[in-house]
Structures are given as structure tokens and as C-alpha cells.
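Multiple structures are listed underneath, in C-alpha cells.
The two complexes that follow have chain A in common; it is paired with chain B in the first and with chain C in the second.
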Partner chain A sequence: MWVYEKKLQYPVRVSKCDPMMAKYLIEQYGGADGELAAALRYLNQRYTLPEKVIGLVNDIGTEELSHLEMIATMVYKLTKDATAEQMKEAGLGAHYASHDKALYFNDASGNPFSATYFTAKGDPIADLYEDIAAEEKARATYQWLINMTDDTDLIDSLTFLREREIIHSQRFREAVEIIKDDQSTKKVF
Partner chain B sequence: MTEKQPSKQNETTQAYYTLLEQIQALDFVLVELTLYLGTHPEDSQAIQQFNTTSLQSNQLKQQYQQLYGPLYQFGASPSGTPWNWKDAPWPWQV
Partner chain C sequence: MSTYRKYYRPFIGPFDPCSPIQWKSYETPPQLYLGFQPYNLPQNSPKEALRTGTLWPALFAPYPDPYKVSTSEEGEEQN
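Here is the complex of A and B:
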């Protein structure tokens, strides 16, 4: 089970109402390389991974849930004061018609979230390589998002998230080496 | 849509943000060390840092919870009377 912590992992502040940036940020909420896909991918893989790396994958999956909450907070704060007209101008007219200001798990183009964004191969090397690729894709997305805003408060939080992708990728790379070592050791016996 | 303002006894003062950020900083060290130790379980220096930071974090959280209410639920934090877990602000409101 999980116990909720009534705090964000890292502060999220925005310096202006900016529904267009919210529209782009939703990519990391319900997009293919977003935080929901990441959390679900890792928390689902952990059941069948070798025991040596279960703890790591469990903990990274859990951290992803806190990143999902940070992205949601950004979107919420960037849109909460927007008028219907501003939502329309930002390209969120269709979203507003269906959801008002509620968050919805879709990507920046409006495609709803899909379980096809990640897989579970059951082969630890295949699964961990997918995890590394996912982290690198998310890191790139955070950079593209940072490039599209001049809101220094928002950039601070996005930079934190981009750095976390680098760390996760590094840890997954180490997990691959642990599995490889383990597999080659077993051949000796 | 208006942002829910924190209740009077829960005023989001500068002191609130300072204490919250101190806890976030310590807990970040703990997240980072948790992941690091997942692949470096023999690093006794890192474990020592983890245990020290865990104590520091727990001390600050006790202080925070006395002032601003529970950080955890399902019994991991004590409650005030009346039940104050449900009180704003929630993390996305501050």
C-alpha cells in the first residue's frame, strides 16, 4: 500500500496565468512519455523483475507519482484563473467544453492516455532498457517544455523534474549491470 | 475558479514555507539516497547519511505537524481534535 504525504516533492510556483503552457505541459501528465505512464510502467514491472532490482523499480515508480502531482499542480495553477476566452485562445476550447478546468489524462494534442504507451515484456533486460529509453524521452520533453516558457518559477520546477529523469536513467543503467552480472554468475554454477 | 485559502489557524506565513522547504530538502536527500542505495547497497557511508537525515527529517516533521497539521494519514501522523487531516491547504494550493 501507499501512504500519502501532504506535501509536494519540490515546490511548484508559477508567475502568471498561462493556459497555453498548461496545454503543452499536459504531455507529461497523460502523454506517452509522461509521469503517469512512467509510474504505471515501473509499478507494474516490479512484480516479475529479479529480486535484486525490485526495490529500485518500486521506489522510482513511487517517485513518479510525486512527479505526476507536481505536473498536475503546474497545470492547475496555470489555468485556474483563466477565462473561457483565454482557454479558447490557448487551444483549450475543446478541453474546456468537455472538462471545464478539470485535469484530464491526455497528451498535448488531446489524445487520451493509453496503456499501449508502455509494455511489460517479462524479460528484465528488455524491461529495463525500455525504462532507460522512457527516462531519456521524458528528459528531452522537459527540455522542450523549458524552451517554450519564460516563467522562471515554472522553469525552476521543470528543471528539477528534468534532473530527476537523468538520475532515474542512471539508476536503471546500474540495474542492467546488476542483472547482467547476476545472469553471468549463474552460468558458472 | 478561486484558490482555496488556507484556514486562519493554518496561515501560510513565510515561516510555513521555510519549514516546508527545509523538510522538502531533507526528504529529497532521502529519496536520492534510497534510489542510490538500491544499486549501491554496500555503501556504509551513504547508509549513515541516510539514517542521520531520516532522524533530522522526522524531527522537523514533528515540529511542522504541531503547527500545521498532519503530513501523513492512515495512522502515520497523530490527529488534532477536531479531525484536521481534511483541512486545507492541500499541496497544489500553496
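Here is the complex of A and C:
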């Protein structure tokens, strides 16, 4: 189970009216390397990983949910006061036609979220390496998002999220080292 | 020398529906440990290389049946 704290992990301020940025940010909401894919990937993999790294994967998966909230907050703030006309101008006409201002799990091109974005191979090395790759791809996405805006407040939040990807990647790399180690009970075969 | 298969004891609940597997295993093949492959490693004969799939004994990792191996070793480990 989870305990919910009714606050964001890191403050989200948006100081520029830029609904088009919401269209790009949604990549990190329902995109292939987004926070939803990350959270679901880790929270699903944790069952069949070696005991020593389950806690780590559980914690990172949980943190991804808090990142998902931050992205949602950004998207909401950027679109909540847009008119239908502004939504069209921002490239969100198709989104508006289907969802009004509601958030929807799709990528920046409008492709709906898919479970095929991630996997659970059952082999701990394969799964942890996928996790590392996912973190690096998410870090890259944050870089490209930062490159597309000049809103310093938004950049501040995105920079925090990018840094967390770096930390998560490091922790997953450590998880690989942990499960590479021969454990105390040696087996001879 | 690193082992290419690791074992751990999973949590076993008192109400698990199926008889528990005491030891679980996973593969940690040699490429995890080698880093940049050093020069002048020993080489297999061409015939061995064709049979095993690699010229380099250091990169050879067989895959014995994990269920068979773990059952046969279970007794020794539990004492």
C-alpha cells in the first residue's frame, strides 16, 4: 500500500502562458519513456527480482508516481486557462476535441499510452539494464524539453526531474553490482 | 572467478498455495564482469569455437537447467 502526502515532491511553478509546451510535456506523462511507463515498469518488475534489490526498485517506482504528479501539474497549469482557439493554436485541437482540458496518457504526437512501452523479462540483468536505459532516455527527454522553453520556473522543475533520472540510473547500476556479487552462501557446481 | 549463476532464498509465506521453491536462481553471464576485453586471452581451437559459439573460453557460459541444478543443491544448502 501507499501513504499519500498531499504535496508535490518539488514545487511546480509555471510563469509563462505557453499551452504548446503542454503538448510537448505530455511526452513525459504518457510517452514511451515517460513517468507512467517508468512507475509501472518498476512496480511490476519488483515482484520477481532478487530480494536484495526489491526495496530499491519499489522506492524508485514510487518516486516516479510523484514525478507523474509534477508533470500533470505542469500540463494542467499550462492548459487550464486556454480557450478552444488557443488550444487549436497550440497544436492541441485534436486533444481538445476528444478530451477538453482533461489530461490523457498519450505522447507528444498523440499516440495513446501502451503497455508495450516497457517489459518484464524476468531475468534480473535484462530487467535492470532496461531500467538503466529507461532512466537515460527520460533524462534525454527532459533535456529536449528544457531546450524548448525559456520559462525559468518550468526549467527549474524540469532540471530537478532530470537530476532525479541521473540518481535513479546510478541506483539501478548499483543494483546490478549488488546482484552481480556472489552472495554469502557459496554454491559449488 | 565469478560464478555465472546466483542463488537466493525468496520470501516464502505461510499461506502460499503451491509448494515453495526454496532457492531461486538467475544468470550473471561473463560479459557482466569482463569490462573491455583484454588482449591475448586464451583461445579455443577452431573446432571448439564452432561448437561453443565463442573463440574465447573467458566468454563461454553454459546454461544448465536451473530447476535441475537448484533441486540437487537444495539439500546441501539447507543444513
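By our rule, the second predicted complex is superposed on the first by the 181 of 189 C-alpha atoms of A that agree within 3 Å, B and C clash if a C-alpha of one lies under 4 Å from a C-alpha of the other, contacts with A are read in each partner's own complex, and residues count from 1 in each chain.
Everything below uses one rule, namely that a contact is a pair of C-beta atoms (placed from the backbone, for glycine too) under 8 Å apart; a residue touches a chain by one contact, two chains touch by 3 or more.
For clarity, every value in this text was computed on a predicted model and none was experimentally measured.
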item	value
Touched partner set for A:180, first chain B, second chain C, both or neither	second
Partner chain in contact with A:36 - chain B first, chain C second, else both or neither	neither
Which superposed partner A:11 touches (first chain B, second chain C, both, neither)	first
Chain C versus chain B, contacts on chain A by residue	B
Chain B versus chain C as contact partner of A:124, first or second or both or neither	second
Partner chain in contact with A:51 - chain B first, chain C second, else both or neither	second
Footprint overlap on chain A, comparing chain B with chain C	none
Contact set on chain A toward chain C in their complex	50-52, 123-125, 176, 179-180, 182-183, 185, 187, 189
List of chain C residues in touch with chain A within their complex	2-3, 5-11, 24, 26-29, 32-33, 64, 69, 73, 77
Contact set on chain B toward chain A in their complex	1-3, 20-21, 23-24, 27-28, 31-32, 34-36, 38-40, 69-74, 76, 85, 90-92
Footprint of chain B on chain A - complex, ascending	1, 3-12, 53, 55-56, 59-60, 63, 69, 72-73, 76-77, 80-81, 101, 167-168, 171, 174-175, 178
